[in-house]
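Order of writing sets the chain letters: A, B, C and D. Residues in each chain are counted from 1.
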Amino acid sequence: MTDTALVDAIICAASEAWRNDGEVLATGIGIVPRLAASLAKLTCNPDLMMTDSEAWMVAEPVPLGPRGDYVMRRESHMGFARIFDNVWGGKRHAMVGPTQMDRYGQANISMIGTDYRKPKVQMLGVRGFPGNSFNHANSFFIPNHGTKVFVAGEVDMVASVGYNPARLARGWRLDDIDIRLVLTNLCVMDFGGPDHQLQLRSLHAGVTLEQVQQATGFPLHVPASVPSTPAPTAEQLALLARLDPHGLRAGVFGA
Amino acid sequence: MTDTALVDAIICAASEAWRNDGEVLATGIGIVPRLAASLAKLTCNPDLMMTDSEAWMVAEPVPLGPRGDYVMRRESHMGFARIFDNVWGGKRHAMVGPTQMDRYGQANISMIGTDYRKPKVQMLGVRGFPGNSFNHANSFFIPNHGTKVFVAGEVDMVASVGYNPARLARGWRLDDIDIRLVLTNLCVMDFGGPDHQLQLRSLHAGVTLEQVQQATGFPLHVPASVPSTPAPTAEQLALLARLDPHGLRAGVFGA
Amino acid sequence: MNKLVGAGDVIAQLRDGMTIGIGGWGPRRKPMALVRELLRSPLRDLTVVAYGGADVGMLCAAGKVRKLIFAFVSLDFIPLEPYFRAARQSGALEVMEIDEGLLLLGLKAAAMRIPFIPTRTGLGTDVIKHNPDIRLVDSPYDERQWLAMPALPLDAALLHVDRADARGVCQVKGPDLYMDDVFARAASRTYVSCDELVEPQFFEQDEEARYVFWERAETTGVVHLPCGAHPSSCAPLYGFDVKHFREYTASAKEADGWAKYYERYIACSEVEYLQRVGGEAAVKKLPLPVF
Amino acid sequence: MNKLVGAGDVIAQLRDGMTIGIGGWGPRRKPMALVRELLRSPLRDLTVVAYGGADVGMLCAAGKVRKLIFAFVSLDFIPLEPYFRAARQSGALEVMEIDEGLLLLGLKAAAMRIPFIPTRTGLGTDVIKHNPDIRLVDSPYDERQWLAMPALPLDAALLHVDRADARGVCQVKGPDLYMDDVFARAASRTYVSCDELVEPQFFEQDEEARYVFWERAETTGVVHLPCGAHPSSCAPLYGFDVKHFREYTASAKEADGWAKYYERYIACSEVEYLQRVGGEAAVKKLPLPVF
């Protein structure tokens, strides 16, 4: 399977994350999540709201990269401050790319290392992960499925809450947390296993169950039947060509 | 003294309220307070900020009533919601007209009567009095100085906080409250007497001390010397003619 | 997605006992046509949250209001709202009387889905005395007590805007949004009447999208009701109707004044209402207020 | 009132140990000329509060920062800010690392002069673990614990705007204000650099006053610094300088990279700086970013 075929399949599978969301803000950070959200809006959920990744809500997804003659179809002003009105109101489903994720779905983009005061690798900081993860639905895309990402213990800095009962503040329930899909270069997963265990939903073409389990630092739940991730339809491919006119998605797994 | 001469003297005395405020929002509700704030901005404190009484901050005070060719000199947008940003920040000095005021400076525009559930007279409601009085400086104008306004006990509904130690919440001090001038049809007063007692600052022309005390339901502090409220200067009168081109201030005490 | 509905459809979504927020401010940009539709309905026992004008007065006159959450009820140029006043003075109205800013904080808290916002506003006043449900809290960061303004979540908000499209994208071009965006966010369902119904493409032009203050997901239903704010104003489209407000307030001085006002202006269709107040063209000519 | 001052006058108002907020967001509308002036000064031990970009990176590189209050430091198209990264990895930087929304709530609380705002954001994360000063509070209205985001009052805020007048009326015409209004309100003193200095009459035209987002009383001083946001963007006037940012980040890979960058771009006047980055005309031609 070529990288392009793989990334297209992932984008199409990822677009399913928003199918039943109704009218929420779909935010996809990074090429694959953004194309997935864009595709969802053009196919399974036209009611989605999207921004131009800056300050405007747009009526149709903005293509990736230099736009040529394309004119944005503005719908409403949506500066960064207003994003928080939306986040705190809960009407959003984001798909983001963490550096680490653990068995609880806790995620990290802040730092790597055991000494918080002196990180081995400093990354971005927690950004909006704490707020996103406790206010609205979240999905994840991880391009390098391996045990350095899916870690055995807890992530080094819990930026994003997960289904970890030990960390619930008084009066809150695991149901207040809403993690949807976890997509990687190997498979599609969710937290629908027993007691919110991470479980396989589908394997990408050519990937084996053992491969996924070996690349994951904790036990996965494997349902009785695990289908293959569907190949994109012709319609989806045509839309992706329009949404990514410069073919930027081909470089997602490195050139 | 004619009504017009009296109201002009009061407006000029009231404008002094803002002299040493620096750059704050001057809000005058009603004809006399508004003209007083406008006059202050044109004379003793040009740094004052003012609105058009609707949604715009203006660079110069807007004249009262129909404006003919006058074009507002907009400075910034200042919708009602932003007024609260300003109030909560404390950079404001308002002058308003309560229906009742007591010895503590507590004021009421909500309702009259002893049964809150069934008012004898329902008025406006507390409006912004609770917030104004605990967030920024406030002065008052009362056109009908009498014992029904300056009541013997507490006002029927304490809408505006005053210098009443019994009502302070834990950790707050009387210094957190900032009542400035109280102007009436008889005199100018402030709360600078012993223990924040209401005291006379000046008597309007022809008004006696006894007259004021009889019209006030509680003891006033009377300093050793009580001057007369100054008569307006020619410059002030000229400005008032410009600020009130239709002479609306003549009707302040009833036609 | 097509959110276009009729005023009747909106009211049919409401239930007895609900908490209803009404946008606008005093005599300005009130969803009066939706309020009239509510007056025509059998709905009752409502909790109404508003920066109140004739909307609140009429709902009080019609006995729709069990509880009023308010800071004022006023027509500004006519300071005292007569029907609200009568309802209060009869002792029939349960009230939560709070500061204008506290009302905003309560709506903000609901919009943010937090239980309260601490503030000094209201401390030392009878707002606390008459609202024992409002609690004081300690701060973990200082030694002071603070008033904990509770969230005021709304079952529904009724708003009027200058223009909207069928998706629920709403625009307020007038100089003041008042607190309508916060009402929209504080409500489970937000119903908006609009003076002008536009195509989505309208918002793609120039700076038009700048004047959209909440996401369409906050809008549940859109009703096209030209002059739907009358007799309140919808600047810059039209000012408020001084003459009509005077007739309305004068009615309260007659023994059966409300019945007569109701008969003439409520017990009819909105088309008839607009005719009876002089027609759409006349409303559009009402001058903007000058202060 | 004339608030016009020079960049040096602004920095002379600051003191060692102060808490300084910096407006903008990542590589966008940062008051970089003021930051450069700060880098030229002997100021130290600062607590910096920012949605951080190269402003934070440079201040870290120069050892000005004792404590950083942040949610991220990033140039967006270059995700990792190299000098911030180095400072963190050296263990030299004290941090209060919080969510983007928590940072906003802290500034809002300071602007409103309240001690905290309750929120669910941060619960269950290591934000709590690494910030033991952030307390959980009970609500008097429910049975839940809430994170009490403390107010983040600023001794001073540094902002860059499109245009301003000498009174301190500031305009941001670009599509996003970011959180600059809240920074201005949260600060005891707010210093603003502007690309264009205008007469007060400018704001009287058309809708210009709409794009003024805080009262002039919130502005302490105004510095006229054309291209003062460079290398960050000031949309719609100019985009960010991709080439310059690449040179800046590349410098961090050299042993004495910061010293060289400092020598070339900081140890000079702003006039020289503008010449060295290609001149005002070239900056004004920098394309707006496309995402």
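To be clear about the criterion, contacts are C-beta pairs under 8 Å (C-beta built on N, C-alpha and C of every residue); 3 or more make two chains touch, one makes a residue touch a chain.
In this text the structure is predicted, and so the values were computed from the model without any measurement.
Under the contact definition, chain A and chain D share the contacting chains C. Contact count check for B-D and B-C (C-beta pairs in contact): higher for B-C.
Measuring from the averaged C-alpha position of chain A to that of chain C gives a distance of 40 Å.
The mean-CA centres of chain B and chain C are about 29 angstrom from one another, to the nearest whole unit. Residues of chain C found to touch two or more other chains are 112-114, 119-120, 142, 144, 146, 210.
Residue positions of chain B with contacts to 2 or more other chains are 56, 77, 88, 135. Per the touch definition, chain C reaches chain A in the complex via residues 1, 111-114, 167, 169, 185, 200-201, 203-204, 208-218.
Residue ranges of chain C in contact with chain D, taken from their complex: 112-120, 135, 137, 139-142, 144, 146, 148, 150-151, 207, 210. Remark: chain C residues 25, 52, 70-74, 79-80, 84-85, 88-91, 97-102, 104, 119-127, 129-130, 136, 142-147, 175-179, 182, 290-291 touch chain B in the complex. Across the interface of their complex, chain C is touched by residues 52-56, 62, 65-67, 77, 79-81, 84, 87-88, 110-111, 115-131, 133-135, 157-161, 164, 167-172, 176-177 of chain B. Those residues of chain A that touch chain C in the complex are listed here as 23-25, 46-47, 49, 56-57, 59, 71-78, 82, 85-86, 88-91, 135.
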